[in-house]
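In order of appearance the chains are A, B, C and D, and numbering begins at 1 in each one.
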Amino acid sequence: MISPDPWVWLSAILTMCSFSLLYGDNKFFRFAEHTFTAVVIGHNVVMGVFTLKDRFYPLYAGQKLLLIIPLVLGIMVIFMIWRKYAWLAAIPMAIMIGVSQGITVRALINTDVMGNVKAVISEGASIFVGNPADGVGTLIRVAFTITAVFYFLFTFTFKSTTSRPLEYFRTFGKYVLLIFIGIYVGNQSMQNSMLATSAINRLVRNWLGFG
Amino acid sequence: MSTMDSISRFVRTRITRIVIVITLLSAVAGYFFSSPEINNLNAELNLWNMNIITFTLFIGLITIYFSYSKSVSQRSTNWPFRLYALVLIIVWIVMGLYSGLYSDMYQTAFLSTKITLHIAILGQLIFFYLSAMYRTFRVKTLRTGILVIFALAMVVLNSPITLSNWSAADQISYWLLNNPGMGGARAVVLASGVGGVVLALRILMGLEKGALRATGG
Amino acid sequence: MKIPELQARHVWAIVLIGYLIPAFIPLGMSPVISSATQTVYDTIQALPPNSIVMCGGGGVFAFDLESSAGLIAALKQMSKLNVKVVFYPMWIETMQFSKYCVDSARVDEKYGGPWKYGRDYVILPYIPGNEVGLVSFLNDVKKTVSTDYAGTPISQLPIMDSLNNYKDISLWICAQWDGVTILRYVTGEYGIKVMWFAQSSAYSAFGPYMQVYPGKIYITNGALGGAQYEKLNGIKGLGHAALDSNVVFTLMFIGFLVLGNLTMLYGNKKVEK
Amino acid sequence: MILQIPLIEQITPRAGQMFNLAMLILSGVLVYLSYYLAKQGRTWTIRPMEALDAIQEGIGRAAEMGRPVLMFPGIGNLQNVQTIAGLTMLGEIVERGARVNVPVNTIPSATEIVTASEAIVRDAYNRAGKPELYEIGKYVKWFGTDQFVYAVGGAGHILVEKPAMIVFLGYFLADVLVTGEAGSRVGALQIGGTADQSALSLMAMCCDYIVMGEEIYAVTAAITEDKYQIATIASQDWFKSLLIVFLVAGVILTAAGLKSLINFMWW
């Protein structure tokens, strides 16, 4: 049975408007697009207002006067829009870049760079131990990692006869990356397929009442 | 006027550099060494950073106001929708501030609009995926050949028909994901991690041309 | 013989028809259980009664739906085992997603299930500050949160009496996108086991961490893993629906692949870009 | 008070992280060394990259066709280094476009990136000698902070404006399919670059050229044509070579059961 709930009807109409993008640029898609934009911006503002209220409450209540500094810095950022006073925004921008990059660089060196290096090295122990299929797998994983990193050497050239084999190594690294992309394209399709199922099922089950 | 110019230049060239060096180093030092003072300083800087970021919302609102109101006043393409969006933004803000974020009314309205549209656009990904695949997965070179073979292998191995008829399919697909696939994935993470570290160091030393221009006004 | 180039719009029409078929006429596909999914099931099954399981992470509602298949089945399973669940939303939409999953699992007493809010499960409010918030929660729960999502003080919720810090948590389930933050802190720093009903793209992106913390991390792969988990618990939900359409998808994938390559070989050269 | 000078005896190094810190310091030394050598006149060339030439050609093509260019810096915020690389690329493309009167639009997602983009676009117009062409909200389009809303807004923008070239550079996820497909519908030249694995595989499907992983940093350095920035890419290579040596030696040692020799890495 078709749902009597007006919110379900609104959802159904918006879903179909959004799907009309598949047909091409049209008014229904524009309606969905602008609804989406407006709701998200509205939501961002509501969130922002509540967040600011929470964060600056200690200042308002007189518990933490130091918060006056971020308040001033926050207001300074808005001066970005006036060409003449844009330099005022440079200081809060510098804080944002400095703090954010500081947090990032420590996480990158720990997990992405050294964490991975250590994980690869530890795996060396399991190459010749246990199930041969796993051993071969580990060997492939380790070898692929190293050759693919080799591909990312940008300023080294291997033109001379002695260093020529290294160039083949680099080419192999490129194919390793292609294999990885191929595998992930294939596995990810499952997710995209499932997302379509969930959108269509919402229409068919919740709105039209089938199944 | 000239005094302001020189202040502006001083702020942009000197002060911002000093601020970046102090904040970046304190965030790094605060992780590798802990002491009550460094921890406090970092917690405070993080808080400042989060608060400043919240204020950038107003810049977003200003840009959207300028571009939408201009579109409406010049009657450019799709201007009625821009007007509708401006009105809906205001209605939504009033509704949200009045009812609160966790109220049932806000939940229902959010689920039936934002979440619905989100699900709908995610639902279209498979359409884009298949048409992009139809266009690009043509075996002209060895490169596309490799891409196509592995993608096809994964799709077939993950398919319920294959899985229910061939018991090894499941193990093979996991093996492919966890070994050859993971090798490349890990190299991407590792190498781009190095690139990221060096980029952050470039910012620290003032050598990065692009992002630092954001502080140049 | 010349094969004309299909326009994207024609491809999409075929895809739409393909996906509508299983929505109206279920094909009734049934998954075969992978060992990875079986391990996840056994781990939950082995939880002692009254142990506290945290369930949370960060993600957006629509995207996390892929994980919902596994999570809903797991909630059903835990409701039979008398395990307590506390939901921890790291992103704003995670809270709404948690609520949706509990409602869909029909485990609450208002739907005739065994669970009572406050005694068997609690949904915390959105907790800002990602990593910072998480670390402070693990160290001292009571200092980090004071109310649940609806504003009820946690002193009035019986589960929260026995949840003080990370030592009280037996397992952390993540059914969201931002599982890496969970892994880095919950497993990396506090050694808690993490179970991840990962989206298939998350599986591929974050799988390397399984090797970094062996024996501590359990991951199921996408909608397929979700369907297997549903089967283990004897229910048919989104995971099974996804399996049906996956059959259609596989056929279309192969069909378009063959067609695309034939078009290249025998196509009208003038149309080609 | 927060601004007291830390007492030395209260500082405790974090266990298991000291080798990582040493490597971070070492990479800093290498970056400085490359900068120093570049100052002495040493130059490096980055290996040819198709995407780089394509971007330069694309701007010319846009000028011929009289159509704009669109640039996406992705969904990350300022914490994400990939987004920073995207912002560098944005500045360069805007400047090059401004010289030949090609408007370059950009659609960021996070509000701090909106702010940074406005500053960068204004600065690029100043450098191109055409500050009068810049207006707030004219080139930077914001559709809300959310993973998909910017993509839907971007798709709508693409269908109206029909850009000649679309550059994706930064942190993306599945949203790249929505904009990428809209771009290929209007026949735009598309160049995609990211270090995220899931988006990388989707970019391979919808873009004409892809920039994989760390290449995004090399491309942005190369397009600036700044000798110091290119020099730091060389230091990146030295660091990676060292890591490769560690990897090979480490794997051999652990496979031979001699892991204790490299236990210092876990300090």
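Annotations
Assume contacts are C-beta pairs under 8 Å (C-beta built on N, C-alpha and C of every residue); 3 or more make two chains touch, one makes a residue touch a chain.
Note that this is a predicted model, so its numbers are computed, not measured.
Central chain assignment: A. Criterion: smallest distance from chain C-alpha mean to the mean of all protein C-alpha atoms.
With centres set at the average Cα position, the gap from chain C to chain D is 31 Å. Centres computed as Cα averages put chain B at a distance of 21 Å from chain C. Averaged C-alpha coordinates put the centre of chain A at 17 Å from the centre of chain C. Taking each chain's centre as the mean of its C-alpha atoms, chain B lies 12 Å from chain D.
Shared interface positions of chain A, i.e. residues touching 2 or more other chains, are given as 18, 21-22, 30, 32-33, 36-37, 40-41, 43-44, 47, 51, 66, 77, 80-81, 83, 86, 89, 93, 96-97, 100-101, 103-106, 108-109, 111, 113, 116-117, 119-120, 123, 142, 145-146, 149, 152, 177, 180-185, 187-193, 195-196, 198, 200. Each of residues 2, 17, 20-21, 24, 27, 77-78, 81, 84, 111-112, 115-116, 118-119, 122, 136, 143, 145-146, 148, 152, 160, 174, 177, 181, 184, 197-198, 200, 202, 204-205, 212-214, 218, 233, 236, 240, 243 in chain D touches at least two other chains. The multi-chain contact residues of chain C, meaning those touching 2 or more other chains, are 8, 12, 15-16, 19, 60, 62-63, 65, 92, 201, 203-205, 208, 211, 221, 224, 246, 249, 253. Chain contacts in this assembly form a complete graph, since each chain touches every other chain. Remark: chain B residues 7-8, 11-12, 15-17, 19-28, 31-32, 44-62, 64, 78, 81-82, 84-86, 88-93, 96-97, 101, 108-114, 116-127, 129, 142-143, 146-155, 158, 173, 175-194, 196-197, 200-201, 203-204, 211-212, 214-217 touch chain A in the complex. Those residues of chain B whose C-beta lies close enough to touch chain C in the complex are 46, 50, 101-102, 107, 110-111, 115, 118-119, 122, 126-127, 130-131, 133-135, 137-140, 148, 152, 155-156, 158-161, 163-164, 167, 170, 174, 177-178, 181-182, 185-186, 189.
Remark: chain A residues 18, 21, 25, 29-30, 32-33, 36-37, 40-41, 43-44, 66, 77, 80-81, 83, 86, 89, 93, 96-97, 100-101, 103-106, 108-110, 113-114, 117-118, 120-125, 127-128, 142, 145-146, 149-150, 152-157, 177, 180-182, 184-185, 188, 191-192 touch chain D in the complex. Interface of chain B with chain D (complex): residues 28, 31-38, 40-41, 44, 53, 56-57, 59-60, 62-67, 70, 77-78, 114, 117-118, 121-122, 124-125, 128-129, 131-133, 135-137, 147, 185, 187-192, 194-205, 207-211, 213-217. Those residues of chain C lying in contact with chain D across their complex are 8, 60, 62-63, 201-202, 204-205.
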